[in-house]
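Letters are used for the chains, namely A, B, C, D and E, taken in the order the chains are written, and counting of residues starts over at 1 for each.
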Amino acid sequence: MKLCKVIGTVVSTQKDDELRPAKLLVVKPIEPSGAFTRDIELIAIDSLDAGVGDTVLVAQEGAVVEQVMNSTTVPANTIIMGIVDALDVAEKSQ
Amino acid sequence: MKLCKVIGTVVSTQKDDELRPAKLLVVKPIEPSGAFTRDIELIAIDSLDAGVGDTVLVAQEGAVVEQVMNSTTVPANTIIMGIVDALDVAEKSQ
Amino acid sequence: MKLCKVIGTVVSTQKDDELRPAKLLVVKPIEPSGAFTRDIELIAIDSLDAGVGDTVLVAQEGAVVEQVMNSTTVPANTIIMGIVDALDVAEKSQ
Amino acid sequence: MKLCKVIGTVVSTQKDDELRPAKLLVVKPIEPSGAFTRDIELIAIDSLDAGVGDTVLVAQEGAVVEQVMNSTTVPANTIIMGIVDALDVAEKSQ
Amino acid sequence: MKLCKVIGTVVSTQKDDELRPAKLLVVKPIEPSGAFTRDIELIAIDSLDAGVGDTVLVAQEGAVVEQVMNSTTVPANTIIMGIVDALDVAEKSQ
């Protein structure tokens, strides 16, 4: 899982109605300091009513989507699975 | 899932006829601003009749292909699963 | 699997209570020399009571989480699966 | 899936005889223009009698190997699944 | 799969005894020329009695570990699945 910040929302047309009810958010990987990394933005489904500006935990694997959504028919492989409440990093990365 | 722009089409010879009917498109990852990232172009099957220039959502996992195509025999692990209608990004990445 | 160093802890709100009891740690990939790489920090569940400063083995795949935790309902795909006791690298990478 | 060019062959000793009959090729990711990217070379099994210099579609996931090879016992997760016949890219990446 | 060179060994404490008997090696991705790439070192289980200095084929997926080790309980997703005997690369990457 990666730390990300929610930076926006996306509305899209899907072939599969299963995905449509899920809110899709734009998230961008961050360092523990809060700084954005060079990694590409991801589109994630939201399981937690996260909002823009929230620091979140994002998993990129269909099996995790299945477990969190308790459904094997959600056609997505990226999900916001946690909203970060506290982050304590003792040693800064170089 | 990633934001991508459709930039072309590809025709190929496959061992497996299952993939042949699916349209194969060349997509390139973009930032929410629309700018291309440095990431490599991907070849994705199209579930939505997307066209060159469309902004799309791309998933890279065989399990998502199975769910969207409703088939366990499509030998592909990259799929255009959404066409982006609206994108609202409140905070620009650095 | 990758070599990482544990650099912190994270507390988060999850939709799924299954993940809550697992300790979540912030880990950062390192070279065998101990130097941090440019790779992004990861959030991993801990199966071994690892602590900040430990050098650990991290796997990023839901199937490994299932095997180590002996559970198919842990919604996570990154896990600390080993604490490194000894590392012997004969040939330095360039 | 990625566009790659076949750049060589590899012969190796495997524990598992299942893989031995499959031809192993060295492929390198390319841009649609044909230029090599900075991405690392991959070793892929060949399902199509591809040859050095061919432009191919490469998938990196065990499930795709299973589908194309119609076998659950091929211990490989990278496969040449298409030989590119035509590539039409309307918009050049930056 | 990727080409790697074995550069060392690692001893670690695991929660799961299943992994303990397997030798863990430190491998680093290389180009066909033998030069190290910028990619991070990986920790792989060894199925072939590989040694430091060997050029090997490494797969990063739990399903391949299962197939090669003929076991569904090995908690690992990176494996040395071949020792390279001969490598013939006709066209050098840029």
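Criterion: contacts are C-beta pairs under 8 Å (C-beta built on N, C-alpha and C of every residue); 3 or more make two chains touch, one makes a residue touch a chain.
Because the structure is predicted, anything quoted here is derived from the model rather than measured.
**Student:** Walk from subunit A over to subunit D along touching chains and report the minimum step count.
**Tutor:** The fewest touching-chain steps linking subunit A to subunit D number 2.
**Student:** So what's the Cα centroid distance for subunit A and subunit C, whole Å?
**Tutor:** The answer is 19 Å.
**Student:** Specify, in ascending order, the residues of subunit E that touch 2 or more different other chains.
**Tutor:** As it turns out, subunit E has residues touching two or more other chains at 61, 63.
**Student:** Report the topology of the inter-chain touch graph, choosing from line, ring, star, complete and other.
**Tutor:** Shape of the chain contacts: a ring, since each chain touches exactly two and the loop closes.
**Student:** Mind sorting the chains in ring order for me, with subunit C at the start and subunit E directly after?
**Tutor:** C, E, D, B, A
**Student:** Can you list the residues on subunit E that touch subunit C in the complex?
**Tutor:** Against subunit C, subunit E makes touches at 5, 7-16, 18-19, 24, 26, 28, 35-36, 40-44, 52-53, 61-63, 72-78.
**Student:** Would you pull the subunit A residues touching subunit C in the complex into a rising list?
**Tutor:** The touching residues are 1-3, 29, 31-32, 37, 39, 47-48, 57, 59-61, 63-64, 67-68, 81-94.
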